[in-house]
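Multiple structures are listed underneath, in structure tokens.
Next, two complexes with chain A in common: one pairs it with chain B, the other with chain C.
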Partner chain A sequence: MEQMSRILKIEELSVYYGQICAIKRINMEVFEGEIVTLIGSNGAGKSTLINTIIGLQKATKGKITFMNEDITKVSTDKVIKRGISVVPEGRGMLASMTVLENLQLGAYHKKNVIEQNLEKVYERFPILYDRRLQKAGTLSGGEQQMLAISRAIMGDPKLILLDEPSLALSPAYVDKIFKILVELKKEGMTILLSEQNAKKALQYSDRGYVLDLGETVLDGKSSDLAGNPAVRSAYLGAD
Partner chain B sequence: MESFIAQVINGLATGSIYALIVLGMNLLVLVRDIVHQGYAHIIMITMAAGWITLNTSGGNIAMAIAVMVVVGVLVTMATEPLFRPLCKRGAQLETIVLAMSVGIILTEFMSQFVNSGGNFAFPASMRGGGITLTFGLIRLSLANIIALISAVVVALVLLWFMHKTQQGRAIRAMAQNLRVAKMLGIPFGMTGMIGFGIAGFLAAIIAILIIMTIGTCGPSLGDTFAVKSVILMLFAGMGNLKGGLLSALFMGLIEAMALAYLPGSWTQAIFYGVIMLVIIWKPNGLFGTAK
Partner chain C sequence: MSTALSYFIIFCCVFIILTWAAYVPFRAGLLYNGTVYCMAIGGYFAALASKTWHWPFWVCIIGAIVVGAILGFIPALGFSRTSGIVTAVSSMALIFIIQSVIRNIDILGAGRGISGIPKIENLVLYSLILVLIVAVFIFRLDHSRLGRAFEAVQTDPDMAATLGVNVKIISVLGLTISSALGAVAGAIYAFNMRIIYPETFGFSLLLSVMTMLFVGGRYTQWGMFISVPLLWGINKWIPSSLAIYAQIIYGVILIVILMARPEGLVTRKMVAGVGRVFVRK
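Our next item is the complex of A and B:
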């Protein structure tokens, strides 16, 4: 871990919605080339954390550093331009636009790489080539998730944030999606994902943070977390 | 039959101007989710700027057109920062009030400062010289033909821009899901300004076409076009670019036919009657919304 360079650092981050505390003094690090997972139940603050990293939600206190630059108060479009991409919760399809248009917009800030990255995406997911002129809203849930991930890698990001990628997918597709993430990691991508399906997330990730009511209650290697009795009891369905 | 064909062309020419106004307003629906009825008043102010330039430059048409383009773009873009905070907080009713206020202020401005509030006419040189073309027994105004062709070309270019360029796709993405658009890195402010800038350029083209076909302007022109354009947008489906175009052309035809073949002043009754029926049967408009 020490040899890997740190890509994202979150220090003492707190986010309030009015008087309600959504995130409380979270500290976190993500290193280049790893898959880090955020585990927690509904309302734990996972989506808020992702939205705060990309500037959609304002941080009340604390600091977010990406590639050694402070991005705490940077606008969303500039954060994305610096090399973070997002797969939103619920896949975030632009449903009445075509598959191709969704992919093209994935590289909004990098128009010069669109053609070469389209080829790579079609090679990885031939189904998206077959359906490139179809409206994204007509794809199945699994295909939409493939499209959402493909759209996120179109602009050659340094860090991909995925919010609940397995949500509402069949078990077969859940495995497929996680295997895609492992492939992306092998290609050098860094991934931070929030996930309620803790079992799968810990199986495929390197490290994890367990969030509860906006606070980090545990963190460590995924294999250690998977073996932790508290995690097993709360999130993995073990007695 | 010849008279019928001439009426069709005239109807399409009138409809094409409505089509461009609806196109401009629908563009603003896409970028900011607003019904900017003050847009018609911006066209009116742009025409006034052209008229003033003609009067002060000794009838220099090129200069008048240049001034109209600048005024159309700048005034339209100047209204964007007014709407931005309301759009950010998802206010809808307030944006309607704001758009109406823009329209009323521009109308008042015209009444106070342009030709003492009276109507004014443009010289024949800007109206196609009153030339008519004859095809057998069919006589058509050159201005109407130019307006129709220009409107079709402008509409096609705009549709190409919206579907084939990254900026056009970004505008459509913002209209469809603003949150996702932001997550893709599409800048809310700049994309909105680009949309308003294009709508402003369109306003200048529309102003020129109205000068060519109608030839007069006055403080009431903005209201007249605003009411019909908003209704046509509802008729077609808010934010639907192609639907707005087709609906405006269709209604232009209906108006021309009513004018030519029905007794008395039934034109408006027929126009609004057809729209009433469509709104009752198709609550989302004839072509549905873009969302």
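Our next item is the complex of A and C:
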């Protein structure tokens, strides 16, 4: 990878909850236009890492650089304004608001692009147009995930973070969601996702990091990780 | 129109605006009890400006809005760092502070208050006009980008921040708007009573406002049109022998409504239903 195309760099990042270490000296890089996946079991530190990147969780040590700017201590709303958007675990729907209002909030910091991006979203997901005046909380799980991803792209981000996008979705919707991510990648977006469904995540991503108890234990091309006996045994259900 | 009826209408206008002042911070997820403090500021400013400086009514109202917003903005900077019960309890302290300050300032009449506030002709009409203006303002606010940010912060402040909303700025804005509205209510109150005391702006008034907000429905702006005439006129609706128990009746109504109908009398679902009827037509 060329140095110029690096969009996110994490150096020696550690996060502690009191005395408990959630993330220990993690180093990571994400380059423009790729899908990078974080895999690991519950408690591996995947969500903590995503929350730390967007400033919801304070880093104890280390540095996070986005587009060559240090964002380690930048507040969440300012991180979002710099071009990172997030699809949180559980989708983060504003259930009492309509689909349209959720989408409008996705571009809260970029109000001049709302109309044109709404058109793009409705073109991509016609179901969201049909349901634009419906409360977000009344959508099915798959539709909510579509809405969450659409809301994340409403503000024209440079990097999208997704925390467990396949959680509680039917297999058909899991495939649909990953195909949407591949489409977004083809359009030039960069994606970092955390996922317990390692098989799907490695199938659709370019590179991956395997986290265990807050540490990076493996990293590399997704195809290599999928063939790694340790990964196959621990996360892919192979003997 | 009889004097009693004009008093009733003007007081309803005062409490509708005051309840909206309590509604705005609630929309932004803040349990703010400083509305009475802002009402005192508006009331005393209007009393002083009209009696001492001979300002006309509308200039007094604009002045009250400005002063209320400024004196609401300053504590809002602190409250934007708090949440939940901490905001509720700490904002109550503003009531002690304002009462104590007024009692110790001679120009504000100290404990005696300010009497002889000039009479305003057409105060009923002016009060209704102000209710209309504030109603339109709140409606526009609720359906604006800022209103959506308020709602997001109320639902989940962290979630709102991940959408690029600066939660602290939203809190400060909500409290400042609330303070300006509270000051308008205070100014109308002062012109209606023509005398103003520090004791008026105490916990009893706070209880009344919160009851009107929660009984009417704290998720829409429309419930106040039912709860305010109902509760403000409670002394008119109940037998005179029970009038001394009005505060107890207030408390009982609040508890019963919250248990039986947690969203209040007017819910969002009702408002949406009414809205759909009009859209179809």
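Everything that follows uses one rule, which is that the second predicted complex is superposed on the first by the 237 of 239 C-alpha atoms of A that agree within 3 Å, B and C clash if a C-alpha of one lies under 4 Å from a C-alpha of the other, contacts with A are read in each partner's own complex, and residues count from 1 in each chain.
To be clear about the criterion, a residue touches a chain if its C-beta (ideal position, glycine included) is under 8 Å from a C-beta of that chain, and two chains touch if they have at least 3 such contacts.
None of these values were measured; they are calculated from a predicted model.
After superposition on chain A, the partners chain B and chain C collide with one another. By the touch criterion defined above, A:225 lies against neither chain B nor chain C after alignment on the C-alpha atoms of chain A.
Touch criterion not met for A:53: it reaches neither chain B nor chain C.
By the touch criterion stated above, A:39 is placed in contact with neither chain B nor chain C.
Legend: residue contacts after superposition of the two complexes on their common chain; A:104 is shown touching both chain B and chain C. Under the contact criterion defined above, the residues of chain A that touch both chain B in one complex and chain C in the other are 54, 56, 75-77, 80-81, 86, 88, 92, 94-97, 101, 104-106, 108-109, 111, 151, 155.
By the touch criterion stated above, chain A contacts chain B in their complex at residues 54, 56, 75-77, 79-81, 86, 88, 92-97, 101, 104-106, 108-109, 111, 151, 155. Partner chain C is touched in their complex by these residues of chain A: 54-56, 75-77, 80-81, 85-86, 88, 92, 94-97, 101, 104-106, 108-109, 111, 151, 155.
The residues of chain C lying in touch with chain A in their complex are 145, 148-149, 151-152, 155-156, 158-159, 161-167, 268.
Chain B contributes residues 166, 169-170, 172-173, 176-177, 179-188, 290-291 to its touches with chain A in the complex.
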